Each structure stands twice: as C-alpha cells, then as structure tokens.
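As structure tokens, here come the structures.
Note that subunit A is present in both complexes that follow, paired respectively with subunit B and with subunit C.
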Partner chain A sequence: MTNILFYVLAIVALLGAAGVVLAKSPMGSVVSLLGTFFALAVIYLLAGFQFLAGAQILVYAGAILVLFLFVIMLLNLGAMGSKFELSFAPLQSTRARIAGCIALALALVGLVAAQRASFAAVPERDASAPAIDSMEGLALELFGRYSLPFQATSLLLLVTMVGVIALAKRQRSGDEPAKGEERP
Partner chain B sequence: MDKSLLSDVPQVAIWIARVVVIFGGLVTTAALMSLAERKVSAWMQYRYGPNRVGPFGLLQPLADGLKFLFKEELIPAGANKLLFRLAPAMAAIPSMMTIAVIPIGTLVIDGDTIPLSIAPGVDLGIMYMLALGGLAVYGAILGGWASNSKYSLMGGLRASAQMISYELSLILSILVAVVLSGSLDLTKIVEAQSHGFWNVFTPFGFVAFVLFTIASFAETNRHPFDFAECEPELVGGFHTEYSAMRFALFFLGEYCAMTVMACLNVTLFLGGPSLPFLENTPWWLGIPVFLLKAAFFLFLFIWVRWTLPRFRFDQLMRLGWKVALPIALANLLVAGAWVAFTTKGG
Partner chain C sequence: MNPQDLLTLFDAAAMTALAPLIALALGTLAVLACGIIPGGSVVRPIAFLASLAAAAAYCVKTLVDGAPATLVLDGTFQSGPTTAVWGLVFIASTLFAWLYSAHYYEEDAPFKGEHDVLMLATPIGMMLMAGAHDLLVFFIGLELLSIPLYSLAAFRRDRIRSIEAGLKYFLLGAFAAACFLYGAALLYATTGSLSLDVFADPTRRAVILDQPLALVGVALIASSVFFKVSVFPFHLWVPDVYEGSPTPVTALMETGTKAAAFAFLLNALAMLPNSTAGSIALIAVITMAAGNFGALAQTDVKRMLAYSGIAHAGTLLLGVAGSLNGDPARGGAIEAALYYMAAYVATAGGAFGLLALLERENKGTTTLESLKGLAQRRPVVAAALTLFMLSLGGIPATGGFLGKYLVFSVAVRAELIPYAILGVLLSVVALGYYLRVIIAMYMQSPAEGSVVPESRPTPFATTLASVVCAALVIGLGILPRWFLEVM
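The block that comes next holds the complex of A and B.
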C-alpha cells in the first residue's frame, strides 16, 4: 500500500517538476510546482517525518510560492490564455541542455549517496532517546549535535538577505527595495 | 446516547460521530455567521435586518444557499478555466480542514472520556493548522488571477502581500503560547492552562493575544484589513467575476476561517474549555464555555467590521512590518527568556 502510494506520489512530483519547465505561462509553472511540493510533503509523511512535511507545506507552499505568485502577478506577462499549454521550446536551447545535464549528474550523485547510506550500517539508536522524527528528537539533534551548522545556516541566510538588499538598492537607487526579502 | 451502550459502540462509530458533529457544527456556524453579520450590522445601524424567512430570519442562510445553487454560473471570456473552477475549493477546503485539531472539550459518558475533537493529541497540531491555514490564500490569489479581470488581479495581489506580511506576526504570537505551554499539541496547550491560569494572564501572553487577534483579522481578510475585496476600489476584489455556488464557496471559506481563528484564539490564550481561576472545570461546563468564548470572538469580527473604517494599504503594510513584527519578535524573546530562566533545570 505504502509502496503504491509512494510511486503514485513520485510520478505526481515528477510530472509537476516537468510542468514547471514546460509550462508556457509562469503561472502554470507555479501551479505545477505547488503540486510537486504537495507530493513531496506526502512522501515525507509516508516516511514518518511529520515535521518535515509540515515545514514543507508551511514554508514552501505557504510562503515562498505565494511570494513567487506575488512577483509573477506584478510582471506584465501579456495575455494568459484560457488553458495551460505546454511548450517544448525551452528544451531546444543549448543552455537548457547543459543545465539539464548538470542537474542529471547531481541527481545521480544524490542517488549513489543515498544508495551507499542505506547499505551502510545504521548505528543502533539509544532506545530511551526520543525518535528523530518526533518534535523533541528533531530539536535535540538540531540544537544539540548540529547546533553549529544550524547557526551557520542562519548566518548564511542573513548574509544572503543583506546581499540581495544591497544589490537591489544599488541598481535602482531611490526605489523601494523589492518586498519580501524576509525569509519566512 | 445511552449510558450502558457506550462500551458496545464500535470505535469507528464514535470517530464518525465526532467528525459529523464538529464538521457539521463548523459549517452550520459559518452559515449562521452570514445571518449574524447582517443581523448585527442591522442592529448597529438601527435597522431590522433579514426577518422574513423563518422566525427572526433564522432560515435566511438556507434560503441564500438554495438561491446560490439555482443561479446561473458565468465564466468570463479569457479566464483560465481550470484555475477558475479550482480556486473556490482551494479557498474553502483548507479553512474547513483546520478545525480537525482544535480541542473543543471532552464528553464524559458513564466514566468514558471522549475528546470532542476530530484529531485530538496530534503531535504537531499547530504546525498542521498553520500549514493548512496558509494555503487558504491560494484560493484568493489564483481565483483573482484566473478571472482575467484587473479588479480580481489586484485583489489577489493584495491578498498575497497581506498574507505574507501578517503570517509572520501570527506565527510569532502563536509561538509565545507554545513556549508558555511547552508543546505544539493543542490538547496539551489546553491542559497546561486547565488549572485556571490562562496564557493571556502573563504580560507576554497578553501582548501575543492582542497581536494574534489583530493578525487574525488580516489573515481572514476581514475589516479593517479586507483589501482583497475592498468594494470602493476593486468592485468585489478577487471574487468580482464569480457567481452562484462558487461565489458562495469563497464566503463559506471566509466564515469557516473566521470560526477556526476564533477557536484557535480561545485555545491558545483563553484556556480552551476551562474557566479562569478554577482548579478544575467540570466537563459539562467546558463545551458551553468554549463555545461562548469562541462566539465572543466571532461577534468581535462583526463588531469591528461595522465600527472601524478600512485602513489604507500602506498603513496596513506599515502596521504589519514596522509595528506588529518587531513587537512580536521582542515579545517572543522575552517570553522565551522568562520560561528558560524560571524552569527548573532549564
């Protein structure tokens, strides 16, 4: 049952990802991306990672995509058409092919890594310790063992934010910086 | 329910009964809210309000619903049909689903305790609420975009900007209640307050309560923050082009979202089904107490709408980013520090 569900969701996620690239209108891309995010969230749920699934929906679907929509609606994109159409033109350019090859190579690296990790001996967890997929277990790992990488990540996000604001300010001085630099 | 029968009743039947009662209650409340809105506004403006259908106009929501069902549905030319049809459901369904984790109280029948909640004790109850609650805005955004109308587009645009701006303050004020009660599980948050000491009685709890109430007005697109609709500027906002039942679905979603927000406010800050300063609230008092508290917030939504004028959009943004957000952040920091230093062994 779980396996069947996983394959269905994986297909949905992949179709959504293809839709992001192939949709003619940016709005179609965003809607496809929304589908992908949902399928991924349910896959996380199937694997028992409730918090990750919640965060996926809350942060990506609930905040970042809303921001994308906000920006897309501000752009002048011309007529939208009454149906979503696919366009295979992006696949024809050389740049797209190079990008596709890089993405494929990265995906393969990830696949190999996952394969090796799943065959490597998993150390026995202390039975009294809270499970990693519970809120408590996640917090203990995040703020205990991985507290330095966690803080480094937040620093990285801060630097990114400052950098983006600085760049936006320099290019269009006198203009308000684009809304939504805030990380949700 | 018969007392002696409860042990023979299969668990599934109790689950189904809980779902039917709570879900039915939510939708009925939403329908009655449409009547209450008109009645209260009439009362405030010295009018009668709807009083023709049924006693005191009580059957008005039913009549409205039937009318919506029989109206012709129009889809504007050039509208994106798929999204246009999908958007009302996307607005209504998430708002309805969020009620599942709210603990309304408990029923004790012949010694058996039945929690009156569809999904009691979900480990990540608040996460679930926030994740789904954040999705309700897609209905407004995508519906507004798919309508192929400038007013609808502006409405959708405003809905997305407003939602991003106030979601942060909303989450930060919810986190104060989480920090004070020590759990993301709404049932445990209620338990932590069940000895008569509500979260709102602490200073940071009170600040968070006020911020949450303000943000909940913005999140549900209610006056004085209803810029996504804003009749004088945008005709009807994101639902300008909608008619018949799809239009009604947007309203149903809005009223359901208001009801859930009211329930969440009661649960997080006002002790859920408990009375203040009492060690233990008897279970039969819990449910009416909860409903009364929630009803007060529903009344507040209407009261504010017919009392205050609408903000300007830049005022809304300034309030969200420059006032509410810093206060919410500082408040969370203070609450966290207080809990950290007063908890033993912390």
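The block that comes next holds the complex of A and C.
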C-alpha cells in the first residue's frame, strides 16, 4: 500500500516538475510547482517525517509560492492565458536534446549506483537518543551538533537580503537600467 | 546527541575556534548599522577594520598558544594552527580587496555601505569552509561566501559586463551548489553521516569507497569544489566573470575563494581514493595548460590574469594530487598549499589592485595597450606591477617562486614526476605573458595620437595595500624559514 502510494506520489511530483518547465504561462508553472511540493510533502510523511512535511507545506507551498504569485501578478506578464496549456517548443532545439540525453545518462548512472548500494557502512542509531524524525530529535540536531551552521544560516539570510537590495533597488529616481556598455 | 550534552557544546575550545567568526559577524552587523546612524559613513571604515583586526588577533592568539588541532562542536568544526593561518590568509585577502575598492567606485556611488557589508561577510564563509569537518558546515560557508560575491560581481550596475558577470556567476554557482547538495545527500545515504569523520577509519573508508553510490556522491562534491577553484573542465566561466566584475571584487574572488576551496579540499582529501592521484595530477596539468595557453592569447590584462588564475589553480591541484599518498602528514602538502596561497593572496591581490587603480585612470580599460609607457608616467606603480608579475611567474627571490617550489616538490615526492616536469614546463610558458606586461610598461611607448591619461594622486588606501602586498611578496621570497616556522 505504502509502495503504491509512493509511486503514485513520485509520478505526480515528476509530472509537476515537467509542468513547471513546459507550462506556457508562468501561472501554470507555479501551479505545477505546487503539485510537486504537495507530493513531496506526502512522501516525507510516508517516510515518517511529520515535521518536515508540515514545514514543506508551510514554507514552500505557503510562503514561497505565494511570493512567486505576487511577483508574477506585480510584473503583470501580459497575455497570460487563463487555460493551462503546455508548450513543447523548449524541447525542439538540438541543444535541449543533447542536454536531455546527458541528463538521462546521468540519471541512469545514479539508478544503477542506487541499485547496487549497500547500507553496510551506515552505523546503528543510538536507541536512547531521540529519533531524528521527531521534532525533539530535529531540534536537538539543530541546536546541538548543527548549531554552528544553523546560526550561520541567519547571517547568510541577512547578507542575502542586503545583496538583493543592493542589486534590485533603484539607484536614483529616473534611473534607467543599463543598456549601453558604459554610461557617461 | 542528548539534551544534557548541549550545555558542554560551546566550551572554551569551541569559543576559541569561533572567536574570529564572531568578531567578523559582529563587524558585519556594525557596518550594516552604520547605514542608519548619523555620521555612519565616518564610523563605517573604522568598524570594518576593527572587526578584521579583532578576527586577525584571535587567529594570531591561536597560533601563539600553539594548541594542537582539535575538533569542536561535536566534531563539526576544526580549530588549531592550520585553520588559524588560513584565517589570516582570508583576512588579508578581504583587507586588500577592501582597501583597493575604497577609491575604485565613483565618489557618489550608491550602496557603499552594502558593499562593505557584503565584503565583510565573505571571510566568515571562507573560515567556515576552511574549518569545516562536516559537509553541512562547508555548504553554509560556501553559500555565505558565494552569495555576497554574486551580488558584488554585479555591483557596477551601470556596466552591462558587470551585470552579465553577476548573472553568469550566480547561475553557474547555483548549479554547482545543487551538485554539492546532491553529492552530500548520496554520501549521507551510504554512510549515515555528513561528517568527514566517516573517512577517518581506513577500513570503514574502504567499505564506503567500494560503493558506486558513494563514488557518485564524491564525484559530485569534487566537481562543485573544482568549479569554485576553476579547475578544468569547470573553468569556462572564469574569464567572463573575472573580467566583468569590479576589479577589487575580482581580486577577492581570485584569492579568497580559491584559498577557501583549497583549504577544504585538503581537509576532505580522505574522501578521494588514493588511486585517483594520477588522474587528479592529469587534470591539474590540463588545467595549467588551459590557463596558460588561454592567457597567451589575451590582450586585456585583467582577462589575462583571470586565465593565469586558472593556471595557478592547476599548480596547486598538482600539490593536492601529490598528497594523496595515504600518510597522515600528507607529504607537507598543507604547508605547501598555505605558503602558495599566502604568496598568491599578496601577489594576485596586489596585481588586481594596481589594475583597479590604472583602470580608473584609463577610463575603464585594462588592455596591454593602455599600459604602454607606464614606466615613464608612473615609475613606482610600474615597478610594483613588475614585482607582482615576476612573483606570479615564479621568479626566485619572490614568494611565488617558493610557493611553486614547495608544491612541485610535494608532487615529486609522491612520484608524480612526469606531471611535475610538465607543470614546470608550463610555468615557463606562463612567463611569456607575464613578461609581456613588463615589456609593455618599460620598453614600449604609447601609440601615436593616443590620449595619455592624466595622473591623479594615488589614494592612500591603494598605496598602503600595495606596500603591504609588495613587502609580503618579497618577505615570503627571502625569509621563507621565518614564515614556515610560524605555520
């Protein structure tokens, strides 16, 4: 039962990912991405990661996609069809085909490697410690072993914000975006 | 990990290791806060320098105390003399880039404060990368270094080349980051851990490296690190990005990023099977060839130095290959790499910095043509640039020579002799284009009718940084023993 559910969800996630690339309108891409995120969240649930599944829905489906939608609506990308249509034009070029073949070959290598994987090197978990899939276990990892990267992430987010503002904010009123090589 | 262990996590050793990072992080916040307080633009450079100085002082303190290398924070972070010297290298690279950037932008250029915030955040990322004993720590460090650099590369928004450089660097860098994460996930699947510890025990290491899934993971991680240090075949982005970025930022990318990624590579060597030494040496020699022959064809000095940076990454990679011999001391490769990078930070930092100065005077061009007759116009600048070119080329009595010597001797000791010979020959090729710069400055006069740029007084920050760089290049060249003892 779990297996069947996993395969169904995996197919939904893959179809959603394909939809992101192939959808004609940006809105269609966002909706496809939503499908992928939900399917992934349920896969996390199947693997026993309740908190991760919740965070996936809240953060990705809730916050990030809504942000995407806002940006698309603010940019008002013109003639967006109200229908969900696919366009296969991106796949027509030779370059895209070559890239696709390379990606497929790499995926096959990955599949073969995964088939032959053994988990002999994975150590037994300490039974007394809280399991990583519980919220307590996750918190202990974040505030214990990984407290350094966890705290560095806060700085990373701050710096990213500063970098984005420096790049995206209009410099002075009446400033035009760069067109020529050098402005006088 | 149990809840009661949390109390002992941040012990004295951990705080010693983290002190430079904390100093830099507080400095970043202070520089950011200078944007809203009155008189902030006066306080900002002081805050920037104070934070760098505090971080450097903590690194020196670790060196003076001479405590042996230990793992802190539940084995995720390294502390010890090697990490401290790397820290000093990163701080020097940031300091040079910042000093040269002080007068690079237009007087009324906006976002100067943001520029400094981004620049001060990069050494934190570098230190996290160099000290990382866990793939997750390394990844956060990598991003903390890369994201400010993406933004800084595109900082001259009035130039389309700068925007192109930022976008190119961002897209390819994001792809490399994805590769790294995928590789780390595969390694986690086979080992149940993200720590480099799993490779410490030889028998366990053999079991892991016997699995195809782990090997795919290692290959993905290696390619993303190779991308950052611009090793063949992941070097194609370098010339465009380095040429388009503001020159002080290029100096930071060229010296800091390279040093940090190599520091991690030397820590993570245990991931690579020893049998790969030959193939890595081959990649190193191909990288040197690609960089050197690419540089020969350039007429723009900035682009030429970008190609020369690829060649230098190849040289250093040869040392890395030489250290894949399974002995714990790594055949002196860590010392050789530290020495090489310390000399390189001073040399390449100074060379790019002087280019930044000349670029401002020559209205944005850095071609060989614009350097003609520089010896008459600016004798001191020409002399300093000559020194840096000689050191990049590896002429004796400069730091560059000893760095090259140490790296090649690591390769020879590891019996990679054919590769070492090829490497030395390629270094001779490199002299071809370094000398061309010197010839243009001293022996050629500007073409008829070309506009001779007006000489402006050299800004104090540029003079200071150049003097320090030149002193380091000469000092590392003639007093190697002193520097090696400090390490």
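Observations on the model:
Assume the second predicted complex is superposed on the first by the 140 of 184 C-alpha atoms of A that agree within 3 Å, B and C clash if a C-alpha of one lies under 4 Å from a C-alpha of the other, contacts with A are read in each partner's own complex, and residues count from 1 in each chain.
Going forward, contacts are C-beta pairs under 8 Å (C-beta built on N, C-alpha and C of every residue); 3 or more make two chains touch, one makes a residue touch a chain.
Predicted model only: the values in this text are computed from it and were never measured.
Of the two partner chains placed by the overlay, only subunit C lies in contact with A:Arg145; subunit B stays clear of it.
In the superposition on chain A, contact of A:Gly163 is made with subunit C only, not with subunit B. Of the two partner chains placed around the shared chain by superposition, neither subunit B nor subunit C is touched by A:Ala89. Of the two partner chains, subunit B is the only one touched by A:Met73; subunit C is not.
In the superposed pair of complexes, A:Phe51 makes contact with subunit B only, with no contact to subunit C.
In the superposition on chain A, A:Met135 makes contact with subunit B only, while subunit C stays out of contact range.
Touch counts on subunit A: comparing subunit C and subunit B, the chain ahead is C.
By the touch criterion defined above, A:Ala63 reaches subunit B but does not reach subunit C. Shared-chain residue A:Met27: touches subunit B; no touch with subunit C.
Annotation: subunit A residues 179-180, 182 touch subunit B in one complex and subunit C in the other. Taken in their complex, subunit B has these residues touching subunit A: 77-83, 123-124, 127-128, 130-132, 134-135, 137-138, 141-142, 145, 148, 153, 156-157, 160-161, 163-164, 167-168, 184. Across the complex, subunit C is touched by residues 109-110, 112-114, 116-123, 128-129, 140-141, 143-149, 152-153, 155-156, 158-160, 162-167, 169, 171-172, 177-183 of subunit A.
Residues 27, 31, 34, 50-51, 54-55, 57-58, 61-63, 66-67, 69-70, 73-74, 79-84, 134-135, 179-180, 182, 184 of subunit A are the ones that touch subunit B when the two sit in their complex.
Across the complex, subunit A is touched by residues 1-3, 5-6, 9-10, 18, 25, 28, 32, 73-77, 110-111, 114-115, 117-118, 121, 124, 128, 134, 136-137, 139-141, 143-144, 147-148, 150-152, 154-155, 157-161, 163, 166, 186, 189-193, 198, 204, 207-208, 211-216, 364 of subunit C.
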